[in-house]
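I've put the structures underneath this note.
You will see chain A twice below: alongside chain B first, and alongside chain C after that.
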Partner chain A sequence: MRRLPVYLVLDTSGSMSGEPIEAVKNGVQVLISTLRQDPYALETAFLSVITFDSSAKQMAPLTELSMFQMPEIHASGTTSLGEALTLLANKVDSEVTKTTAEVKGDWKPLVFLMTDGGPTDNWQKGLAEFKKRRFGLVVACAAGQGADTNVLKQITEVVVQLDTADSATIKAFFKWVSASVSTGSQKIEAGGVEVGGLSELPPPPPEVNIVV
Partner chain B sequence: MEAQIENKRWNFPNGKVNQEYCYEFDISKFMPEAVVETIDGLEEVGLTFDPETKQIAGTPNVPGEHKIKLTYKPKDWAEGKPVLEKEIGLIINPDPRSLWNDIPTDETIDYFKPDSDTRFIKVMSKKDMAAASKRGRSHAHEGKARDDDFSLHFDKETGWYIMVVADGAGSAKFSREGSKIACRTAIDVCKEQLLSLGDNFEREIQLFDKEKSQEKRNDVGKILYEIAGNAAFKAHKNIEKEARQKGNPVKDYSTTFILSISKKFNYGWFVGAFWVGDGGIGIYDKDTQYLKILGEPDGGEFAGQTRFLTMPEIIQPAEIYRRLRFDIVPDFTALVLMTDGITDPKFETDANLSRIEKWNDLWADLCNEVDFTNDNEQVADQLLKWLDFWSQGNHDDRTIAILF
Partner chain C sequence: MAKTIKTTATDGSPVEFMDEIIGSGGMKDVYFSPDKSYVVAFFRDKQDFNAKNRLQDITGVYRERIFNAAGGGYWQDLYCWPTKIVEYNGKLGLVCPTYPKHFFFSTGSVNNDFLGIKGKEKEGKWYASAKNQNKFLAPEEKGDWFKYFQICIRISRAVKRLHAAGLAHSDLSYKNVLIDPTSGRAAIIDIDGLVVPGKYPPDVLGTPDFIAPEVIATKHLKTGDPARKLPSIATDRHALAVMVYMYLLYRHPLRGGKVHDMDAAKDEELSMGSKALFVEHPTDRTNRVKTNQLHPSQLPQGDTDKLPYRICGPYLQKMFDRAFIDGLHNPALRPTADEWEQTLLKTVDLMQPCQNPACWHKWFVFDNTAKPKCPFCGTEYKGILPILNLYSSRKAGTFTSDDYRLMVFNNQYLYQWHVNRNISPNERLTDEQKKPVGYFVFHNSKWLLINQRLNDLEDKTEGKKIPIGQAVELSEGKQILLSREEGGRLIIVQLANK
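Coming up: the complex of A and B.
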């Protein structure tokens, strides 16, 4: 079976503590419960959570949606975005199956990255690693005004911004991510086509602004 | 210390409705030397806890995010002290089968086609033919029509068997009509051509059987081109005509196409084929473990590589000729034509399509539900039922045609 890998790359630096991190945890939780009810996603989507603060960690390896359990996430430390991108690249190498004559590989991974501040490490190094891999759609989300959208624009064309990192806004973002994963799994299962860009996703809610 | 443990979230591994669950719950891994007193809430979801084996087992029947109540005696528990409580999360996933809707296709749409179809052709004292086609789960979920199609024909006059399967492209609006036109046209053309060219064709086949030279092979190939190649060509043209009449682009009718013509002679079976697109066609013999794939699947990693009968480059003479195959075999268990709704779950990769083990598995699986003894009138319905086999992530339309 060709899996649809979905990587959630989440900023868990100190500035996320309190309301934002709680909202993120809640958001991921709702995302999973919603996708479990979607037969397309339930059969094909595989989920991984990578967090980054003073270092980057894979909190949940790429797991079948039905077997996924929410990892414990806490917020503290700095913003090692570069390390997160390097880790993501390495995990894609080891977890995502490539298509060969013998094996039908997975679909190209979808990535949803969320951060509320500027990177504090050598992020270009991570970016270079990241750029060497093939991804499907990559969405970067600037949570609040503190995030550097110029940095995010270099990671992906698809950058969205939340005006504030409050729980209602973060919740709206994750709802949209969930709908996007549904669309992605439906597209590949119904037509064998992968999501090509933002225009093929459901329209983002008013709280989520597209950065052009 | 105790408080820290209390705050940590506990979860049992997730389960799935209707799928056996078994987990050895060893509390000491979470809390050294603690003893489980009771676990409440398991029965409600179809599970039980056996204190002897420490196993939580059963077949969950209630989907949801359940809270299971654990009572336990901590390490330093003594008579008179209270037992402690802990809530444990248990996620039971719905059976994906229960989440799929089955919405009948609106009969008023353009080019309506029934959601399933079967056909059985009994041939006295010879091999029979059966086919079944069924709409996939993803189409059923959204009330969309079946895009696959098939046609069978046995010519009583000449003794030729003709089988066609076609898979309308998922992304093409009217592909269901493309596949239908392709199947109908192919039968008509083959019938007609076999009537006029049949004698000559059979003579060349016999000459080839005696002397398997390249020259004799080419002679058979030339007439096969006039029959099967012509069928593909006319099928393309008829689709083009329909598209033009309706003012639609031809690519809205995109379809794959697999055709076989076969006949039994006293020296063996002749099977000729033409194939465009994915899916598969093979001659399989269970006893001799003979397998011949009559062509190459047009698959590939990139979506753009898929080929359809409706593409102009496909009906160039050299390209048609390249796609023709034929073989003469003493006998066979089955000649099978399938769309990718079956080859994807059953063979997974193009490379596997030429592996005899995979065909053995397919045949064994078929024989579990379908009785292929000669003249079994139920065979097409059994085949249709077999098409319901469950395969996670594979819910395309499924069509199979078998000469057996």
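Coming up: the complex of A and C.
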């Protein structure tokens, strides 16, 4: 059975502390509980959380939705986006099953990246690694006005901007993520219609602006 | 508390809804009426003239043709059919009855509903998946195998009625059919996409798992191209066959181990489209399920060697062959919804309760062997098992086989449709015809048929009339005449497991 790998790549730098990080934690919780009520997602979706601050860490390895436990996350330090992209690329190599002549592999992973600032490390190196892998949908979310959308636009063409990084908008974003994964886990089984562009996504919540 | 909005439907009747979205689908946002007896579903996008016209026909003439005909009330339970159109703030909406209570989970998932699905809709996908069945659903929600046959019969019947009216559903899937395995009920929802060949073209290709191979194989062509295949009655037949297979066997008939392309999306397109191959094809074994590649939660249902489609009985085996071998790439050869209904009904008469009280499926289809056993739990049937072979007369004095068998179990009933070949157990039965005419009991080591309402019942072997209230013993080779009327049947008894 093909699995649908979903990677949440979350900024946990110091600027996220307080309301934003609490909203992110809450958002992931809501995401999990919503997806658990979806029989398609339950069958196929696997979830991983990667955080990045002064360094990048995989807080939860790719785990079946029903077994997934929310990791403890805290906000402090700088914004090592490049390291996060490198780590993501490595994890995709080790966790996602490739198709061979004998075995049906996994679907291309979905990636939801959220950040509120600009990278403080050598992000181009990470971007190069990231670009060598094949992904399904990649959504980058700029939380608040401090995020560098120009960097995000080099990662993916789907960049959404939250005007403020408060709990209401972050919650709305995660609701949208869950709808995307739900649609993805259904659509993906369609005649090869894999989630590709923004047209495949559910309509974004009103608080989210799409950067084009 | 959300504000109540009052408006008027296009037919002039009042419509009210509360200004708070209770759910969103692919194209519509749904609102409750204040008393929650109906919902109003508004299309997010503007609907063109053609779409509006179609919805008018669906809520109008098509609905009336089905529901206002004689016996139309029967269909109320099998569809959730939109009744009215409203226009509000420039958006077009449909008024639909609320789904009945039995289509919402009353217990939900295991471990005190750890998924939090209690009160949610019983979408078919929960049940058609071995993993969801084995790991998540609470035992109270699962129902037994007999109920899944009843569900398939009701779905086939509802599809048959649409097709008889010249309508194609065009997006039949476990997403658009609600089922209740605790009672065996089913209802088709999302009827607003109905396709009328030559009049209203389809606006969706269908739902993954259910799209016919020819639709997938030609989806790269332009809509006007004559070679392009779009949803139709023929593709509904494919979707129905897939649904029956999935509800009875909890796996997909085309999802096997064969890899067609290294790219997942391309592989998917080929294995569901031009290269589609039945996983249980008797001679071409290349798409067999690789059991070692399945998730443990998909077993045992995913293992086609352990639970081959043969367990659904000889009649259904032939139907699956026609749907997934002969008709897979040749739409004209696919069985019709009417044939599915008939075959499922015949198969129900081959079912036996499993004698193992712990068996989850609780029922199995007689496998035509001298030593029958339940394929799910492996329990062998203990005791003598009477099989009644049904014959009917087309010419005075001679009886020919109807290729129809009835398995007997304790306290099973005999009905009019067993007695007379011209009566079918469908929506046209009168209340009088729904009453049993006799029943079977195992009494003092003998199998007996007790006559309740048959005037002509006669033991032909002994040459003896059996009056109402009397019994006839079922012994090997016994011939029993059930009715002297036109289409009346004779049964010949066989005893298995002697």
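As a working rule, the second predicted complex is superposed on the first by the 208 of 212 C-alpha atoms of A that agree within 3 Å, B and C clash if a C-alpha of one lies under 4 Å from a C-alpha of the other, contacts with A are read in each partner's own complex, and residues count from 1 in each chain.
As a working rule, a contact is a pair of C-beta atoms (placed from the backbone, for glycine too) under 8 Å apart; a residue touches a chain by one contact, two chains touch by 3 or more.
Just so it is clear, the model here is predicted, and its values are computed rather than measured.
When both complexes are superposed on chain A, chain B and chain C clash.
By the touch criterion stated above, A:66 is placed in contact with chain B and with chain C alike. In the overlay built on the shared chain, the residue A:46 is in contact with neither chain B nor chain C.
Of the two partner chains, neither chain B nor chain C is touched by A:7. Once the two complexes are laid over each other on the shared chain, residue contacts for A:106 go to chain C alone; chain B is not touched. According to the touch criterion, the shared surface of chain A, contacted by chain B in one complex and chain C in the other, consists of residues 1-2, 33, 36-37, 39-40, 42-43, 66, 99, 101-105, 186, 189-194. By the touch rule above, chain A contacts chain B in their complex via residues 1-3, 33, 36-40, 42-44, 66-69, 72, 99, 101-105, 186, 189-194.
Contact residues of chain B toward chain A in the complex are 8-9, 11, 13-14, 16, 65, 91, 93-94, 96, 99-100, 137-139, 141-142, 170-171, 301, 303, 348-351, 391-395.
Chain A meets chain C in the complex at residues 1-2, 33, 36-37, 39-40, 42-43, 66, 99-108, 186-194, 202-203. On the side of chain C, the complex with chain A involves touching residues 24, 44, 115-117, 120, 123, 125-126, 129, 131-132, 135-136, 175, 205, 207-209, 211, 215-216, 219, 257, 259, 261-269, 272-273, 290, 293-295, 298.
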